[in-house]
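Per-chain residue numbering starts at 1, and chain names A, B, C and D are given in the order in which the chains are listed.
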Amino acid sequence: MEHIITANPYFGVFVLFVLTFGAFTATTIIARLASRALAAKDTEKIKLSVYECGPEVTKQPNRLSPQFYLFALLFLLFDVEIVFMFPWAVDFKVLGWFGFTEMILFIILLAIGFVYAWKKGALEWHNIK
Amino acid sequence: MLEPVNVSLESLNLMTLAPMLIPIVGALLILVVDLFKSNIDKSLYVMLSILFLFTDFMALAGSSSAFMQNGTLLGLFDVMLVDGLAIVSQFIIVVASMLFIPLALTSKRFHEFSYPEFFALFLFMIAGFQFMVATDNLILIFVGLETASLSLYTLIAMHNREKSFEAAVKYFTMGALAAGFYSFGSMIFYAVTGSVEINQIATVLVANGFSDIGFVMVGFAFILASFAFKLSLVPFHTWAPDVYEGSSAAMAGYMSIVPKIAAFIVAMRFFEFLIHSGLVWVEAILYVFVVVTMTAANLWALVQTDVKRMLAYSSISHAGFAMAAVMIGTTQANTALLLYWVLFTFTNLGSFSMLWISRQKKMLPGQNSDHSYEKFAGLVQSSPMAATIMALFMLSLAGVPPFALFWGKMYLISAAVTSGYTVLALIMALNSAIAGYYYLKLIVYMFMKDPVDSRYEKVIGSNLSLSLKTIIGIAAVGTIFAFIAVDPLLQAIGGFVYNSGY
Amino acid sequence: MEIGLNHYLVLATILFGIGLYGVMRRKNLLMLFFATEILLNSVNIGFAAISHYYADLTGQMFAFFVIAIAASEVAVGLGLLIVWYKRHNSIDLDEMSVMRG
Amino acid sequence: MEKYLYIALFAPLVSSLFSALFTAQKKKQFVGVIASLLIFTAFASSTVLLVHILNGGEPIHVTLMTWMATGGLNIPFGFVVDEVSVVMMMVVTLVSTVVHIYSNGYMDHDKSFNRFFAWLSAFVFSMMVLVMSDNYAGLFIGWEGVGLCSWGLIGFWYNKESATWAANEAFIMNRIADLGMLIGLFLVYWNTGTLQYEEAFAAFPGLDHATLVWIGIFLFIGAMGKSAQFPLHTWLADAMEGPTPVSALIHAATMVTAGVYLVIRSHPLYDLIPNVGLFIASLGAFVAIFAASMALVNRDMKRIIAYSTLSQLGYMFAAAGLGAYWVALFHLMAHAFFKALLFLGAGNVMHAMHDELDPFKMGALKEKMKWTWIMMTIASFALAGVFPLAGFYSKDAILEVGFVEHHYIIYTVLLVTAGLTAFYSFRLVALIFHGEDRYTLFGIHPHEAYKFMLWAMSPLLILAIIAGAFQHTFFELVEEALNAVHYHIHSHVTLWIMIIGTQAFVLASIFYAYKKYARKGIKVPDGTSETEQSFLYKLLYNQYYIPYFYDEYFVKPYRELSSIFWKKVDLKVVDATVDGIAKVLYSTGSATRGMQSGNLSTMLRWMVVGLVVLLMIAVAVGLAARYSAELSQFLAGLGV
């Protein structure tokens, strides 16, 4: 059985879509390049600031507390260790006691890390040390 | 249905793992102790670290006697490989670490040493390096390398100064890139040979007669790039001066020795089979690296105004010098490299400790680098002892007989000559001559100039404590009396290297 | 057309190239870390594909380790980045050149 | 006998280490005394060894230890006392004993008294290693050691800018030459597989001529540096910044002669390559006259003596280059005695004159410093080669060698130099000791040196007088070791004409110098006072302008030539070359340090650039291997 793509009634639409997408991308790039090439390069510091006059711009305070990053980091670290547990779980029976012991050791190591983080207060939201 | 695997404990040969497990256990112990009782004096942690390192040393001694009886040991599903190279380099790593850790006991208080994490990370790092040298599995090398490097970045940052953060970020970013190179290179070798063990890779490649030479070369390029970063070969060296300047002098001294010996060992394992298989291009590329690194780093060292940066460039140059041995690849050259590094350890330990004792908490007004030459001007007038000892280390670095590094250079150059690299030997000799100039510059400042600023007098030696004195004493004795130890050392190292087939 | 090993390898190489380009061009430290992640993960694709091709699990193991190491690298990197940001309120690379020469 | 060898070798080391213990403390008289005693012990042992060798004893050979025995490299570290080294040992220990004792007085008021003795004894030890070693490696270690000690001693007064500068100049210039020597040693090792003198000399005849020439040249480059031969000579005159006993020991008697020693030691090599020998001889003759010409115009007492040392080293090289090694060694020995004496005398004068160095500001010191005057005059007679002093025998022998070997140009140059030597030596003596006292103008009250300093100098005085008498004994001593032959001029008439002619020439020069400089009315040249401006005065002062005429048409061009030599050749060409090399290295460093911009992005880009270059090579190699068949076909088509 032969599939002729062009025979599909929506093929025209697809071509149009592709062309539009391409044209859009091309225009964006060309516009960007052109403006970069043509623009007068005046990189005075004042000019680059948000307002040329008026009150000085104050930096936006960091909306996310550093604690958030700390949580993210800890989550990442402990989450990634799943990649070692997953294959073990799949082959649990084949690996037997030996695998089990090894995994227990691994988890103990992780647990020490976890306790360490906990004790250091990394898990408490308002108690950053 | 698959049968459950049955692994007997003997077949694991856990003894091969013991030297690495000891520092890891030590690090965990330090962390746990801190959890239950914080604010313990730092000297306890230093003692604990030394204790664990000493145990590590004893375990290594055990491995070495086992090696001498039974030859190369394999363990843990043949992932661990304890051969002569692994043992000698681990000895260097552990002993150098034991000598460097007491530098934490300064008379001034420094931020980083009040944290037990510092010592824990230090021990983790040592374990990482030990893993790196005691295996020929690319995965484990990668894991060891990264364990060590990640700890090292943190240790640098813990110095808690503007420059040390900058140094840590720079080192980290470039290190991440190098890790990318390494993994991509390993991937290519895996794709070409279907194995990630160096000896298997070698076997497969030799068996098919390097039919995929293009891919092998591409893989080599990636691996070389990553190790050139670790060994600070030009043009992958750019991190070194900044990182040395940014980190504490003690850490900088440590970095100039231990990470590099680990990287040298891996480079030996990886590059020498390529060279011995007659790939002239590999040899040519390494040749260029060696010559460029030695020469360019020397020229840059000439124009430095800060002693620590000068020592950084000099370490780069020394690394290039030692890399020549990897390129030559004979037993004699490899032995000479290890000997060179032992002697270099003592000399650099001394010279960086001398910078460390003059560390200031705050810079004086008008001072823009920590260890400028001006700081040492006329040192002989205020403390002749310090000036003489510093001069001793500089002379050793310059390769003036009969001090330590002279012997290292001598053997390395003679290894080059015996293997027929006469031109290389000449370049090496010439570079030693250039290098003499900038080491001498410091001596001239210390002995022949008048002090620039009397306030510096108080600064130098202000960080001195008994343990620092001891370390400097050990380094000085090692540097002066190296000529006694050279011959037996060479015999021992030569035996280890020869019996592991390098 | 069958998607073979070569396609995966080419994909890995292209991703690696993108990562390399990012490392070179990005001035934002965070973006730089992204780029290094792309580098490492491109390698993972390659390893997985080769591993399948040889029907050998070593490659996948390597990939697992690369993932774990990448994660710890991110952890350390982000830690450094946060400290840097707190001190300078900026993560622009060009401001990071106190030491030179 | 071995016992004495060890004493001679290690007594200076013990002395140095002992003195080094007290470097940080203020002056302790006993340090100087003990150091002198230890050096004297070394001298006594050397004497015992000399007597042993003189009585026909076997050379003493000890192997201390084997310090390199891996791979193909096997260097046993041994010492030998044979005919040649025992002569050197005698010279070194004798002069250094004298200098040590003398320094007790000379450095009396120096706050770094103890440090001085530490360095000085360390120097003696290095020098002993240099001369006693039985292999090139040991020689090289001693060689570097004396270089280091000389650096420390020239720059002894390190708070003087010029002293540190001179010390560095000496050290750096020697390093450059040492590089040549190192290459020479590599070549020796590379071609013969050993650095032991005996084995290497045995192997030399089997090597091809070109290799030997290269070895000879590179070793001689090392010798040129140590012995300050043109064009590496500038450091010697500048090295006079050091304390005067140092100049006497290092820059007259011992270290600078190490180059000559190297050539003498390697005589089996230079015998095989007479062309290089001839080059050495010609260079030596050139240096002899070149340095003497510079001494004529100088107004610095120590520099004049330094230039004369240079000139005498030229004589030694001339003799050695012509194959007359024993003559060179003999002149080395004799020269060590009278030159050290001259320097120590100059030290007395300096002390008396409160470190004034311009002889024009002295005059008539003979009344105040009778013994110094006598000693310096005799030393100058010896230096000028007046019968029957030591210099006569040795210098005359060199001239005879030139004559007998039919190198008449060298002979003539050396003869002229002998005249010049006589002239400048006595110009100095006349200016210092004769005429009228000009020092009173400067408010200086000279006094004679301590008695014991003069006593310490007396052995040198005696030897400067009688050393010539030992010529025959000396010849017999080294006859076998150096294949010595007598250089006889067969015709007695020629011989006597030569000797008498030379003597007459020398004496005439002395007389002329005395006439010119010992008269009254010599002013410190400044040429400003009113009397000096009057016509009559000028006419009389210039002796009716006849001297002016001579001066304008003979002396002045010559003086100009001398100063051109000094200013142009010396400062411009030679110094500029040395500086230039350093500058090129330095500027390459600073030009490329921009690579280290400190910007992380740039650093990362460098890494990528490195990788890309590596990859390009890899791909090129891969493609070349892949299409090697096509490529070779293609290349064959091109006719490659």
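Definition applied: contacts are C-beta pairs under 8 Å (C-beta built on N, C-alpha and C of every residue); 3 or more make two chains touch, one makes a residue touch a chain.
Values in this document were obtained by computation on a predicted structure and should not be read as measured data.
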Whole-Å separation of chain centres (CA-atom averages), subunit B against subunit D
44
Report, in whole Å, the distance between the mean C-alpha point of subunit A and the mean C-alpha point of subunit B.
36
Per the centroid of Cα atoms for each chain, what is the distance between subunit C and subunit D, given in Å?
65
Between subunit A and subunit D, tell me the centre distance in angstrom, where each centre is the average of that chain's C-alpha atoms.
74
Two or more other chains are touched by the subunit C residues 20, 23, 72, 79, 96, 98-101
Note: subunit B residues in touch with at least two other chains are 169-170, 173, 177, 241-242, 303
Of all residues in subunit D, which are in touch with two or more distinct other chains?
593, 596, 598, 600, 604, 608
Work through the pairs of chains, note which ones touch, and then classify the graph as line, ring, star, complete or other.
other
A full list of chain pairs that touch reads A-B, A-C, B-C, B-D, C-D
In the complex, go through subunit B and note every residue touching subunit A.
2-7, 28, 31-32, 35
Which residues of subunit C touch subunit B once you look at their complex with the stated criterion?
9, 12, 16, 19-20, 23, 29, 32-33, 36, 39-40, 42-43, 46-47, 50, 54, 56, 58-59, 61-62, 65-66, 69, 72-73, 76-77, 79-81, 83-84, 87, 96, 98-101
For a test of understanding, state which residues of subunit C touch subunit D in their complex under the given definition.
20, 23-24, 27, 93-94, 96-101
Given the complex, residues on subunit B that touch subunit D span 169-170, 173-174, 177-178, 181, 213-215, 217-218, 220-222, 224-225, 228-229, 235-236, 238-239, 241-242, 281, 285, 296, 299-303, 332, 335, 380, 384-385, 400-402, 410-411, 414-415, 417-418, 422, 425-426, 429-430, 433-434, 436-437, 440, 444, 447-450, 483, 486-487, 490-491, 494
Quick one: in the complex, what on subunit A touches subunit C?
59, 66, 69, 72-73, 76-77, 79-81, 83-84, 87
